[in-house]
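What follows is a group of structures, each given as structure tokens.
In what comes next, chain A is part of two complexes: it sits with chain B in the first one and with chain C in the second one.
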Partner chain A sequence: MYLLRLALASLNNRRFTALLTVFAIALSVCLLLAVERVRTEARASFASTISGTDLIVGTRSGSVNLLLYSVFRIGNATNNIRWESFEHFAEHPRVSWAIPISLGDSHRGYRVMGTSSAYFDHYRYGRKQPLQLAQGRPFAEDPFEVVLGAEVAEALKYTLDDQLVLAHGVATVSLVKHDDKPFRVVGILKRTGTPVDRTLHINLAGMEALHIDWQNGMPARGAARIDAEQARQLDLQPKQITAFMLGLNSKIATFTLQREINGYRGEPLLAILPGVALQELWSLMGTAEQALFVVSLFVVLTGLIGMLTAILTSLNERRREMAILRSVGARPWHIAGLLVVEAFSLALAGALFGLLLLYVAIAVAQGPLQSHYGLYLPLALPSAYEWSLLAGILLAGLLMGCVPAWRAYRQSLADGLSIRL
Partner chain B sequence: MSRLLLATLLALAAPFAVADVRELQWSDLIPADAPPPPPPVALHDMSQLADALAAEAGPAAAQQSPAEPVVKELDGVQVKLPGYIVPLDMSEDGRVTEFLLVPYFGACIHVPPPPSNQIVHATSELGVKVDELYQPFWIEGPLKVEHATSELADAGYRMEAQKIYLYELE
Partner chain C sequence: MTASLLELHQLGFAWPGQAELLDIPSFTLAPNQSLFLKGPSGSGKTTLLGLIGGVQKAQRGTVQLLGTDLAALSAGARDRFRVDHTGYIFQQFNLLPFLSVAENVGLPCHFSWTRAERARQRHGSVAQAAASLLQHLGLPKSLLERRAEALSIGQQQRVAAARALIGQPELVIADEPTSALDADSREAFLQLLFAECREAGSSLLFVSHDQSLAPLFDRSLSLADLNHAARAPEL
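After this line comes the complex of A and B, so read on.
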């Protein structure tokens, strides 16, 4: 105990260098933990976005690409698929439910998804949790009704019965708006922590109505315009959708149906198993994650080496201190212990301060991260893995403390009191 | 000299002339008396393209029977089986909690997928961390055999996996 007191008193004497060392370690620890936290949380949020869906079907592209645009609203579809293909497989005897998805429009940066009421009945996230409405009801027959994700409603301050205008394309600031056909908010979903929160859900008929009078890639002019009231009277049967999700009666038939869809003669389709595509995505991201992790490990190492340098350079100045300690009865191993304790307390203070920095950073960045990237970072206690990283850093600090300790031990044996500085 | 002064003055005045910039809407780019566009065609729609190709494609791949016969005697027997894990569902921390165990990895597209009696639909409460899909695992637990009563009924093997561990080459 007195060793610790002595070490702290000695550090206090050199508090400026000590503080700088602690700060360097803290920054590196914070970086390492932040990289780790973002990695695990990104994976968790990806993993909990889709559950219980057996196959996702879209136009032929790549499995990761299809997964990203249909479920995570990242990127865009390369092509649409025909409504008849959807009907063909929705009525397939092995299929228990089917959810059509139609994408391509947006509202102030939030994607709009055209779907059917099956979405509210069958879509599952997390551990097979269904979507729940916080307020209102799902959209009904009227094409101009919209159900908002929790975050859309919160960020844009919409409440039930508000009117909103959707924009063509997926840019945050849109120049081409469907302003002749406003939508009415009829429901707001409960928060799910998935991309559903950042989505506006409309009827497929609404998606069709939005574009019904478009000609040659631009909105109609003058008399050719069809307003919302006229559109309601028209046949709004969709002719194409972007993708669809399928739930099967038996999981064992997954491969059979996947094969059948991929070999469908009507048009080129791609069916993926979401779990497999997610695994592929992770092995893609794995390399980048590992690179980041290694870089942050080296930053921690740099921090610890900085500490080692600071202690080693101070050793010469402190020969007198050691000599005095020896003269009052300290043994050489006391001197060595003193330095180990000193290194360990620096590393410990650095780790604790780094942890504190991490939580401050998470608290500050939580909101923006959630709204811009849909990544939710909880203010949770460190996980077992994070504790083991911290323990590893402390152990490394302890080992590094042995280097100056050994030198001080040798010096204090040789120097005695006869030291001339 | 006076000419130079004039030029300088003009140059200085140039920014003020910008006030004359006319703001356009995209619709201003179309002459008012432009002929109406041709009769509407479905937009964003290249999906009909496939029709042309479908006619030339070969016959659709033959489907194998999804309800292959199963060995009923294995029902309830505690077994251990090696195979590859095809994830179906995972927990938040990325552990696979529901999967299909198949005898070979990858959707080999040269031959049809494994028949239904070559697939085990397994669930696991704890889940298993799968880093690579190419990695075989042993799964251990009681096998449940579901007998097919009709062509489309649930047929095949199920297991509540009690132990899942890496398959190592001896």
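After this line comes the complex of A and C, so read on.
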């Protein structure tokens, strides 16, 4: 089509403005697609944080709160639950497996979780993937063994057999350290992209040993102190834990058991379905996510309005160009078409360049995003939804082009063939 | 069908809210004729050319080009009819600066199938027709692929003439094409224009205020004699 040739030649003549316009559109398109992709992937990775677990049980509080501290290692439990309660439900005929969780200590900002070997056997994330060890083995009978999440090991540069000291409490800078009872690294987990990567796993017995000589929330002093060797000889059966996860023999029993746990007479307990709680939590963040999406839509609109402005301001200086075209036989609709083609070309170039920017950005940011935020952005072809977003942007560009097209149409009818200087 | 190429009859025109600018009882232009039409600026020359081009519409009377009444055609058909049969040269800034010289010359052939076809029949292709015309008008081949804005004014006007002549339109309308040229190149330009018009079989309607050029033409007229509308008092 000759109009396209003319439009491109004319654009090339104004290439500085044209390039700036394309760049503005490209940046906005890139932003929109990046937000969209992060949104989709964040939701997916969020939903796959935990799987295969039918119920999470903790002390009675809110379901989101329970999910946050038991799965995401965010916040704290309001109270502990008794070991007897755990045993009661772990031995329940409908329960297939149970994982106890004991929280409260940390190591250089990373949370420590006391659990049992059932954790390595039954905990699942993503698409029912089990935890895998990159090196070493799960902790065994000795209470002072620790298995590190992938990120902990990488960030703090720990390898097998390193000794580390846990800190009491979960603050990054802790004043009270369990430095009399060092732990030995026996295993490092493979990366999961979930909070497991940021966790140090120890035996429940180890957790108990750390606090065995504590009184009234303070470490014992002087002769009352019990060192690691002495602790190994003691009965390290925990008396309380923070929460536990249950896997049932049959999913059908989930609601029955949930009701049973919630009505447990021994102490106030709360059982939640992880999927439902995840949904609830996501809907809380959904507003922010929506807002981000709307903001990036407006950025695209701004980019397109920039293009509209650039074309409209060029119209006046291009009256001569239009009149020349009219004198060689271009009809007014040709002139209008020329401007629509021009706007569409700019939008198309912007969209393609934006897509390119997106892939470059993903390629660059993929590693850091994965290690810092556990967010995996695939370098995949645009999804159907992303294509439809791009199509929407092109359509908007086309519609925007109709404004200068209409003005040029009117102008060229009024100017005719005479060229005003 | 009349023997004349262009025929104006009882033509009257006024811009909205203004006194009648043109009142031309009769005017004809024969095929293969060159006509000098003298008119000072503000005399309604441009308006008359607009009427002949079918860009403006007369309030009364008819404009017939090749026996066709322009007023009887739709706006689109008028545009098509104009480019099929008329080539234009303006005073200055005739070319699209961002296209090559050759492309500028070929422009009408993209909008008129008739002229593209004639160019092809005579020269084989539009590009060859453009090259041949430019050569006849004395432009070196090396300029063909140059951007139009790189040329001097005199060269640009010759490119504009080649563009008006490509595909042999029956009528070439020139609106002060020489006013930006100096006296020597003016006459040289005209001689080339005449030769090419003869070659293409086109009539030339040449509008200018420069009476000194009039003797070179087959016929010479003054718009003031032609136009019976009352003169504006300040002129």
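Throughout what follows, the second predicted complex is superposed on the first by the 389 of 421 C-alpha atoms of A that agree within 3 Å, B and C clash if a C-alpha of one lies under 4 Å from a C-alpha of the other, contacts with A are read in each partner's own complex, and residues count from 1 in each chain.
We take it that a residue touches a chain if its C-beta (ideal position, glycine included) is under 8 Å from a C-beta of that chain, and two chains touch if they have at least 3 such contacts.
As the structure is a prediction and not an experimental result, all values here were calculated from the model.
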| item | value |
| --- | --- |
| When chain B and chain C are modelled together on chain A, clash or fit | fit |
| First, second, both or neither for A:V295, with chain B first and chain C second | neither |
| Vertex chain A, arms to chain B and chain C (CA centres, degrees, nearest 10) | 140 |
| Touching partner for A:A363 - first (chain B), second (chain C), both, neither | neither |
| Dominant contact partner of chain A by residue count, chain C or chain B | B |
| Which of chain B and chain C A:H334 touches, first, second, both or neither | second |
| Chain C versus chain B - closest C-alpha approach in the superposed model, Å | 51 |
| Residues of chain A at both interfaces, chain B in one complex, chain C in the other | none |
| In the complex, chain A residues that touch chain B | 40, 43-44, 47-48, 51-52, 54, 59, 79-82, 93-94, 104, 126-128, 175-176, 211, 214-218, 221, 224, 239-240, 249-256, 258-260, 263-268, 273, 275-276, 278-280, 282-283, 286 |
| Contact footprint of chain C on chain A as seen in their complex | 2, 6, 9-10, 12-13, 320-321, 324-332, 334, 416-419, 421 |
| List of chain C residues in touch with chain A within their complex | 46, 49-50, 53, 55-56, 75-76, 79-80, 82-83, 88, 90-99, 107-108, 110-112, 163 |
| Of chain B, residues touching chain A in the complex | 26-27, 30, 36-38, 40, 42-51, 53-54, 57, 60-61, 63-64, 66, 86-94, 96, 98-100, 102, 107, 112-114, 116, 119, 121, 130-133, 152-156 |
